[in-house]
Amino acid sequence: MLIVLHHWAADKDVAQVKRTIASLGLKPVAIPGAERTAIGVIGNQGWIEDSPFRGIKSIREIIHVTKPYKLVSRDFHPSDTVVNLPGKVRIGGRSPFLVIGGPCAIEGRDQIFQTARFLKKVGVKVLRAGAYKPRTSPHSFQGLREEGLEILDAVRKETGILVVTEVMSPEQVGLAAEKVDILQIGARNMQNFDLLNEVGRSGKPVVLKRGLSATVEEWLASAEYILLGGNRNVILCERGIRTFETATRNTADLAVVPLVKSLSHLPVIFDPSHATGRRDLVPQMALASVVAGAHGVMIEVHPDPEHALSDGPQSLHFKEFEALCRRISGLEGFMRRSSRK
Amino acid sequence: MLIVLHHWAADKDVAQVKRTIASLGLKPVAIPGAERTAIGVIGNQGWIEDSPFRGIKSIREIIHVTKPYKLVSRDFHPSDTVVNLPGKVRIGGRSPFLVIGGPCAIEGRDQIFQTARFLKKVGVKVLRAGAYKPRTSPHSFQGLREEGLEILDAVRKETGILVVTEVMSPEQVGLAAEKVDILQIGARNMQNFDLLNEVGRSGKPVVLKRGLSATVEEWLASAEYILLGGNRNVILCERGIRTFETATRNTADLAVVPLVKSLSHLPVIFDPSHATGRRDLVPQMALASVVAGAHGVMIEVHPDPEHALSDGPQSLHFKEFEALCRRISGLEGFMRRSSRK
Amino acid sequence: MLIVLHHWAADKDVAQVKRTIASLGLKPVAIPGAERTAIGVIGNQGWIEDSPFRGIKSIREIIHVTKPYKLVSRDFHPSDTVVNLPGKVRIGGRSPFLVIGGPCAIEGRDQIFQTARFLKKVGVKVLRAGAYKPRTSPHSFQGLREEGLEILDAVRKETGILVVTEVMSPEQVGLAAEKVDILQIGARNMQNFDLLNEVGRSGKPVVLKRGLSATVEEWLASAEYILLGGNRNVILCERGIRTFETATRNTADLAVVPLVKSLSHLPVIFDPSHATGRRDLVPQMALASVVAGAHGVMIEVHPDPEHALSDGPQSLHFKEFEALCRRISGLEGFMRRSSRK
Amino acid sequence: MLIVLHHWAADKDVAQVKRTIASLGLKPVAIPGAERTAIGVIGNQGWIEDSPFRGIKSIREIIHVTKPYKLVSRDFHPSDTVVNLPGKVRIGGRSPFLVIGGPCAIEGRDQIFQTARFLKKVGVKVLRAGAYKPRTSPHSFQGLREEGLEILDAVRKETGILVVTEVMSPEQVGLAAEKVDILQIGARNMQNFDLLNEVGRSGKPVVLKRGLSATVEEWLASAEYILLGGNRNVILCERGIRTFETATRNTADLAVVPLVKSLSHLPVIFDPSHATGRRDLVPQMALASVVAGAHGVMIEVHPDPEHALSDGPQSLHFKEFEALCRRISGLEGFMRRSSRK
């Protein structure tokens, strides 16, 4: 429920509405916005009756929100959310397009340091690399786990690069939150609700990947778990969905970028590596996402993709990645200039 | 890798093979079977060379297993697994068809006791009911959680019915394992690998639901996590997959029942309630699963479906459920008689 | 629009309603049914106003049909349609379960005669075989076409078996209608509307396969084209849909059998061969369809599947087919007996 | 099969290879290309033995093509195909990005003339509009059919705009080919093989839309039917695929643009209107397709979308369309300049 007040509503009117909400055992949420004063209601499981609010003069309109998410919605937060990362790096709104690069899995100290130094050199400020690896088969490489987190902590301290890594389980959140700058919830865990709750409590910036077969509504409802836990630093990431087509690893659903931006205030990035699964398609899809309005991309790059322990076929070589970064930067500049016209 | 020995192989030959496997840092697994002596190899991440085994005379054949699962496979365990539940209830192989019934969510003590007594009366030995509810939206009813577990513990103690309930997170496994007879991994958590590992360690019988968009191979690989943890009491459950069709809640993929039985030794059950999402389609699909070879069904039934807190439209009324049980029983008898001919 | 009259309505009342409908440039359709007198309205493209009907006393209720099909719907035709085939063979309603068998493609005279004689011997009354073959690639075998139709005409004349074959284009309908007993619209042509119209005009019994990615609503709307052309002899055939799962050729959507029977009066059959694409899964899925309420099955059987020009892996050997027919017959008998109880 | 000759091969060597191919009852196809002399083989249904070619010295390599298409493949035609349209308009290769605009259906003369004049004014050279409309329900508007073709013929003669329209049946091809400049095969008819054959014979430029659930391989194989009929003027059009996601009408599979360009020499365009089904998503997806490498876009625009007989919600208003054309043009210029660097 969303309660919109008349423009003339005074502080005591707002207070009256909030008291009424609280008296129902629910929680009022102030909705920011220059154009209107509004108060959201959360905490209910189902329909709320209008009757307790009927006598309040300052109320202009009561909107029943039937979506499974509220805090995530543009209705509750009309202006873009900008997520602040350490080192004055920002993502969302009109912030610069953010490129995140790195290997699928941490394979060792050298690989990570080599990649981080390369990224710094080409101007990329965030490194991705997996310590905990969710693998279909228990017989596949499961990641270096805690040892991997230590490598990430070392690389960010020595090089100053920011680091994002995936957490798969509530227990991993505490340690990971100390060792890296951004947590990631992978596609398989998009509806691991206890993990979402834990990440919500951590307050850490988090990349929330869309599930393999998650609708946009379900994806945003998963983000709602994190925001409801008190953490507004959520970055949504489209990484392709599962369809009948096998020519690509997944089907890049790029149209959700503008769609999600219309439904939610949260930043949205795109992962062309998982979305296509093919190195040769990554550059054009990464560029397309700039134009579609994404706030950033997450791209797999590896010092030696042919010998990567996972996702080699979709990882760029350093040279390819560097060329792509230049093209992204040029295209971003053009888009910015032309939107100002 | 699967190493098949000549029929004349003696104990010392078997021991030699096992020693060789161990010397490679891998683990030998004895493969049961009257017709052949075989030893499986687990612990490798990738291809194992044949060379260390070449000189061993007792080896008849070396089979490289390229599937993402081994212990789950019929290659490693040719005969059907029968899972033993308390009270001499069994599932799998030629055991009687097992009907599991109950509401989606535990709503209160009365609802559960009423349902359990009804189930006992109609001869159903296992009650399903959710304490922890994975819900798309954090604003929906999340289940009674620990209070729900206590109700389940009470109902099984007082009525003698067996109880199955879902766990969503590794932390919940310990307590739930004390309070119920069978754990369930829901569709959304099929690739929550830490949860699979924890359930593997618990040794408890577990129903592993297929993920909404999981391939059969991924589903069996998830079961492999549990078996690898030392728990062979896994019951697979097909509950419909997500497709373009919206006339039913999911698409019941009944053909996986005979398919999975050819690939794996584990018991397979079918959930017609989630697979269709419509009360009117449940009976015929439940009956169809008997004929397709399922080892059991899991059906939602509620004392008052019209006022259920979740899944009302797919829950049967007591009367409908009772009639269905009679039809299942008749059909099962017919199938058993005709297979003996 | 569906106009339901009071039980006391006389012939002149019915005539009045029909005149009013005609005066709007629309077509009245008498709705059979012992329990109520009703008149359907077809010919409109969009909403019809109630106002012209308001003064008519004999009208009890006006129902606006918003589905894309009307004649196909149970609302317009409450009782089951039974399609009469030559030789007193019937399908639909309470008619005996109909088995249709035969090879994917006509490869030659011998193959067809050998199959037809085998089918006759095991009591199967309808042969399927493709003269025109819709093939993904133009470089694949395209069928014997007109030569194939001649073979079918010969086999039905010499053996008395009924024959069903696919037509792919409006031009083929005329000749095919002379040479065979039942036409088939394949999955790829389910929305080839000119073909549907032409088959509608032919009056021939027709098997309408569900499209690879057709919703139930679209499938029934395609049947509507045929009925609207004046041909009520439509047999719906579920043959699996395209999903992400590649372990089976398609995903058998068996739940649509009871679903479609609730929405429509037309007979529904099931094709386990295309639905699974695997010989080993055909028997159990065919049997499951009997229980799910299908009116028949269409199964691929070939004298020599290993050398079939198409669909070999999903074709049964004669022996397997014969055994399956016996099992279907036993199961059908059981289902009939138990429904009488 | 593809036969690559040594660079020193003379005309008589080529002739010898062609003779050998013909002697097997197959057809040689010269493969253009500055870098190598090669001869393709078509007409076979299955594997061709190498043996008849073994003694021929001029042969450097024999490549067995296992894809279901050959003429469509880059292997058989390494350089980009440019389709020449009347009025010196071209599409494909390095030709200017081609915008096609117009309403879903022809509703009347005024609507079409108004749209055509608007398009001319904003520099768009091709009008799309449907005379024959494939509609799910026979109760929906089916198009003006032949009357619609006459309107298209009139508009192109009076305004000089090029016209593309859909054909649904082989019989319509002859007349449509006289009245319009480009034929279109719709998504539902992508595997209407007789229609593909007929369009192949017509020689007319043709837009071939990808089927709702067609794989890229099937789509290219459908194009092969047209090329095999002697018509190389095929323009592929991605228009979204059917998936589980219902927030958009279809799922825009933009990654197939660069993918198809790597597999085939044919031009590829993108239809953001059907791919998304939402007016608000069309502009960003149209722009994204420019960057992804599409050779053009096909966009629905209507003088009065709110009252369109079909597809109103996805049709742009004139003003929106004009603004989009300007942005496309600016972006295309930028991409061209930056690719020259």
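Labels for the chains are A, B, C and D, by order of writing; each one numbers its residues from 1.
Note that in this section a residue touches a chain if its C-beta (ideal position, glycine included) is under 8 Å from a C-beta of that chain, and two chains touch if they have at least 3 such contacts.
Quick caveat: nothing in here was measured; it's all calculated off a predicted structure.
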Common touching chains of subunit B and subunit A: C, D
Most remote chain, CA-based centroid, reference being subunit D: B
Centre distance in Å when subunit C and subunit D are each reduced to the mean of their C-alpha atoms: 34
Centre-to-centre distance between subunit D and subunit A (centres being mean Cα positions), rounded to whole Å: 37
CA centroid of subunit B to CA centroid of subunit D, Å: 48
For subunit D, residues that touch 2 or more chains besides their own: 213, 217, 242-244, 246
Interface residues, subunit C side, partner subunit A - complex: 213, 242-244, 246
Contact set on subunit B toward subunit A in their complex: 42, 44-45, 68-70, 134-141, 168-172, 188-189, 191-195, 212-213, 217-218, 221-222, 224-225, 228, 242
Residue numbers on subunit C that touch subunit B, as the complex places them: 213, 215-217, 241, 243-248, 251-259, 262, 275-276, 278, 280-281, 284-285, 287-293, 327, 330-331, 334, 338
